[in-house]
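The same subunit A turns up in both complexes below, where it pairs with subunit B and then with subunit C.
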Partner chain A sequence: MKRPLNPRTREQLLGSLYGWPMGGWFTIFFTVPLAIIILYSFMKRGLYGGVEFTLTLNAYREMVNPSFAMVLVRTIWISVTATVLCLLISLPCAYAMARSKHQTFLLFLIIIPFWTNSLIRIYAWIFILSTEGLINSILIKIGLIDEGLKLIYNNGAVILVLVYMYLPFAILPLFTTIDKFDFSLLDAARDLGATKFTSLRKVMLPNIKSGVSTAFIFTFIPIFGAYTVPLLVGGKDSTMIGNIIVDQVSKTRNWPLASAFSMILTLVSLIGVFWMLYTGKREEQMKKDGPKRTPQALESTVKAHHRAASKGAR
Partner chain B sequence: MSTYIHKKKGPSFSSTVLLFTIIFLFIPLFVVTFFSLNSSKGMQWEGASLIWYKKLIFDSPSLWTAFRNSLIIALSSSATAVVLGSLAAVGIKWYRFKGKSYIITVSYLPMVLPEVIIGISMLIFFSAVKIRLGMFTIYVAHTTFNLPFVFMLVTARLDEFDYSTVEAARDLGANERQTLTRVIIPSIIPAVLSGFLMCITMSLEDFVITFFVSGPGSGTLPLYVYSMIRYGVSPVINALSFVMILGTMIIAFSFRRFLKVVAASS
Partner chain C sequence: MKGVEVTVERVTRSYGDFKALDDVSVTIEKGEFFSLLGPSGCGKTTLLRIIAGFDYPDSGRVAFDNKDVLSLPPEKRQSNTIFQTYALFPHLTVYENVAFALRLKRVDNKTIDAKVKEYIRLVQLEEHLYKKPSMLSGGQKQRVAIARALINEPSVLLLDEPLSALDAKLRQNLLIELDHIHDQVGITFIYVTHDQSEALSVSDRIAVMNKGKVLQIGTPYEIYEAPATRFVAQFIGEANIFECTILSCEPYEEEYLMKVDVPALGAVIQVTDYDPQPIGSTMDFTVRPEKVRITLAPPRTTKAEVNILKGIVEEPVYSGFQSKFYVKLDGVSETLVKVYKQHTVFLDDGPDIEWLDEVYVSWHADDGYLVKDSSQ
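== the complex of A and B ==
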């Protein structure tokens, strides 16, 4: 007869049996590859691709090159612009969806383009914007212009297509948070004399902060690491970090440099994610603490109020 | 009495924005569909025809190979992800064991890191351990990015699950295997199946990660689309686009129907 295990050992054993197949998979195919990238970024470049195993900061020094700095600045500029545009469009959309009676249908409408193959969506924009594309041929036909406008292969096109691709990433989390919001609070604010805009800004916005930060991160991270959109609709001056990484791996075969750039991308993403988790946690905490006001909470509210007031006076 | 609630002056600002956004989201899809039916190659409308669909179906042998590869990878990687992800969700929800918080952390990271990073790190890893790029490497990569979603969906389902059911089963003499197959699995099956469907769509959709880890002869459907786009604008891509949009809609519809059936039965 089998000797019964002690409950703690049994739990340990069963938990590992359930959890570690996935844990092992991620260790081999995610943690180890990521560790290799970190390691490679401190290695010397091999002559024919690959690396030589000597510790060096060469890759990071190469990054300070002005043309790479330009790419970094451009990546930040394009991603911030596209993300902010996404959020500005998504907020009213999510609000309208949350207040609508046809929520499932509207969600369905948002999800269809979201699930359609991304290359097909990029291709559709190439079809519309290109020099012999739809817009130009319509404009020529009605006689507004004589030759095609340059609508594609520039940063404007990159931003337009990025916004198009990542709008659903912003709308969906915003919708989930706004949907949980108690709309009678808005009516209360209006009854107390606030204008519609003020009530939205001062009553709703603080309550959906975690949704806004989630939407920001969900759009910002993939846009920051974008590769296909700048490649297919961008021009010579639209290269982003993602493109540099790929070029360094496949064309120049400078693996340490590609790894170093990947490190930047990873770090930015991780900072974003932790910030998102932090705002989410804090909001939960505040909701939990709700009615019982600790002195510290009161103090910080007063301070925030003073800060706001002094800003207003300036 | 507040009057502004009932004051309706046409559609509000937010619903107008929503309307335009939906139009914006659908315009490209409609445009390619419309022009896939055009008999001429250019932007001039010269009557409807199905000539591009004919070309797509009968003159593109590599399309069918790519489609077959895509299906094989989607099914195999989703199946692996569903098994590993569901088991892990059960283990992490109900047991304490060594390395638990590590597993939780690494299970969320692939979901939030940019695809380029996942792709590059896998490419460098495979070449470091000298595994030839091909169907197997694509399968591994797809399983890796599918796993977090299964894990998340099943964990969410388990959050609603009453653990006393499991305790009751044990009190009544069920062993670990019986508890798993008779109590736990039936109750998480809706989440498992919707995770499976989600994995299939993501796997069929993925381009960036596949692009890095694919080798000669292992091209998937998105890679085929990519090579066509690089070659230039062509009505055949329009036809392919419409077929893929239609496929997406069918999957989305069946997903919705499926969720409704599940909701009704439980």
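== the complex of A and C ==
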């Protein structure tokens, strides 16, 4: 007679069974392509696209090129500016949403843009910003200006549209963390002498760190790899890494170089994800048991504290 | 005295149709331990938040030592609050939580260190200085909250049900500790609670509130022994309370002895009061269960002012140090009179009283009390 399995083992077996389709999917459509890209970045470029199977570092050598370096620097500053703007706008937004009585409605409003294709939304911005666009024609009509301002096809327009596109991705994680924040802490801080702003900075901000880092990653990584926005609303000097990759694949047909550039993107995303995991874990750890409870550990924290205190006094 | 006098004058606060505070006036003296007592939703926390500056009244005036404070934000008031949920900063250690107010004032580190240690000693948390709040028990958290509020050296300490989240034993201990701390720092304490025994045991004076109104302000003794309204009588302690009509009134020692008709008891009983009451008027008669004696035999007394009624024990409730009996009186169908009986073992306590025993309940006319305001 077959002995029935212990329920725990059974569950574990079932769990891995259920995990297989997902694992298979990710392996075939995610890990394998990624491996191919990694491999291609070390290959020799084929004459008409594709690669020749000879190992070489040519692609990475080609990357060391002043014009590509310019693009990299530009990508970084555009991404950082857009991300910081996203965070600065989304913090008060998320705070207001968390304190509002109409949370569901506001969440709904945040989600509405996703119902429209992103390309269409970018084209809408072109319509708004172009020389004969909405803003310019209004300004001309009320007589503030005589001819259209150059609002589009520059880095400013790229940043503006990027912020617009990725704002919801910053607001949503911030909203969920702020919603869990205990607002009576703000009362307590003010009671102890903090102004409104100080209480937000010294009490709320440290307690919603995980939300801020999530929001940062959710916006920074996609912005860093953006290519449609700089392509459609950017000018000649708005090329970002994403555009280079597209060009290398479809125009120049230098697949190894395209692969090498996407390796940079992957690397940046990985750093971001690991940073998020690290801060998240550390926060959880702190919440769970604080510093280690052994007497030695306690003594060392006490000593460290005294050292810091005496340094401050001096 | 280091505290300030807190004056609340005709304060009204409503949320939409709901009147949280309805024309409330209270004067809290310097250095007093003053309690705001009432059921949840009576407006006591709203009043505290108005004094602290977290809420703003629709009309009225709040002053510390006769200086208006309503225009000041919470951080500019000489008051500090201890919150019901402690509201400790989870990202800071106990030390930094307590140091928070001083760090904001940019006090130098040496002074901060000395002060933090002083106040941590006051609340006996020396071993927990460098722990995060999440590692502390409820009682310890509350102590941190106390130290954190006191380090600012406020003139008024506002306590918003500070012990309600703790278990009963701990609550008692912390309450006594709070009383000691009050004696040491000597500032005005305003203590919000719904627990009448807490309020009775530590307060200098109590304001009993219900439905946004202050019903009575007085010492714990006055509140318990001479409740001004029917609500106060019922809310504080336990009470037998019945409607009655005054039949006669004559001087008795320094008071007046009245005969009153109590339909619920099915009897005419005697009760004393300091003031003569108009004959024929109706009010509420009340007698506390611990002031009523319960016996199997008719009580031997020669005093004419003792009320004696006969009945049957409907429900005995044993609770260790005492028992509570619900006695159904002869001749009335509904009324149950609550009576306490202490259990002494070696003193002659009389035979045990059990379910359905025929008993006599008796109390002196002086132990009964007439509640003048039965409308609230």
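Following the convention adopted for this analysis, the second predicted complex is superposed on the first by the 270 of 314 C-alpha atoms of A that agree within 3 Å, B and C clash if a C-alpha of one lies under 4 Å from a C-alpha of the other, contacts with A are read in each partner's own complex, and residues count from 1 in each chain.
Please note the rule applied: contacts are C-beta pairs under 8 Å (C-beta built on N, C-alpha and C of every residue); 3 or more make two chains touch, one makes a residue touch a chain.
Because the structure is a prediction, the values reported are computed rather than measured.
Novice: Once the shared chain is lined up, is A:Thr198 touching subunit B (first), subunit C (second), both, or neither of them?
Specialist: After superposition on chain A, A:Thr198 lies in contact with subunit C alone.
Novice: State whether A:Ile122 touches subunit B only (first), subunit C only (second), both chains, or neither.
Specialist: The first partner, subunit B, only.
Novice: For A:Arg190, using the defined touch cut-off, is the partner it touches subunit B, subunit C, both, or neither? Pick first, second, both or neither.
Specialist: It touches subunit B and subunit C both.
Novice: Can A:Ser16 be said to touch subunit B (first), subunit C (second), both, or neither?
Specialist: After superposing on A, A:Ser16 lies in contact with subunit B but is clear of subunit C.
Novice: What is the contact status of A:Ile271 with respect to subunit B (first) and subunit C (second): first, second, both, or neither?
Specialist: Neither: A:Ile271 stays clear of subunit B and subunit C.
Novice: Of subunit B and subunit C, which one contacts the greater number of residues in subunit A?
Specialist: Per-residue touch count on subunit A favours B.
Novice: Residue overlap on subunit A between the subunit B contact set and the subunit C contact set?
Specialist: Subunit A residues touching both partners: 187, 190-191, 196.
Novice: Help me check something: in the complex, which residues belonging to subunit B touch subunit A?
Specialist: Those residues of subunit B that touch subunit A are 2, 4-5, 12-15, 17-18, 21-22, 24-29, 31-32, 35, 42-44, 84-85, 87-88, 90-92, 94-100, 102-103, 106-110, 112-118, 120-125, 127-128, 140-141, 143-144, 147, 151, 176, 201, 204-205, 207-208, 212, 221-222, 225-226, 229, 233, 237-238, 240-241, 244-245, 248-249, 251-252, 256.
Novice: Report the residues of subunit A in contact with subunit B in the complex, numbered from low to high.
Specialist: 11-23, 25-27, 29-34, 36-37, 40, 50, 89, 92-93, 95-97, 99-100, 104, 106, 108-113, 115-128, 130, 132-134, 137, 164, 167-168, 171, 187, 190-191, 196, 217, 221-222, 224-228, 232, 242, 245-246, 249, 255, 258-259, 262, 265-266, 269, 272-273
Novice: Could you pull out which subunit A residues touch subunit C in their complex?
Specialist: Residues in contact with subunit C: 182, 184-185, 187-196, 198, 203, 206-207, 286-291, 298, 301-302, 305, 309-310, 312-313.
Novice: Where on subunit C does subunit A make contact in their complex?
Specialist: Within the complex, subunit C touches subunit A at residues 52-54, 73-75, 79-81, 83, 85, 87-91, 95, 100-101, 104-105, 108-110, 113, 129-132, 134-135, 148-149, 152.
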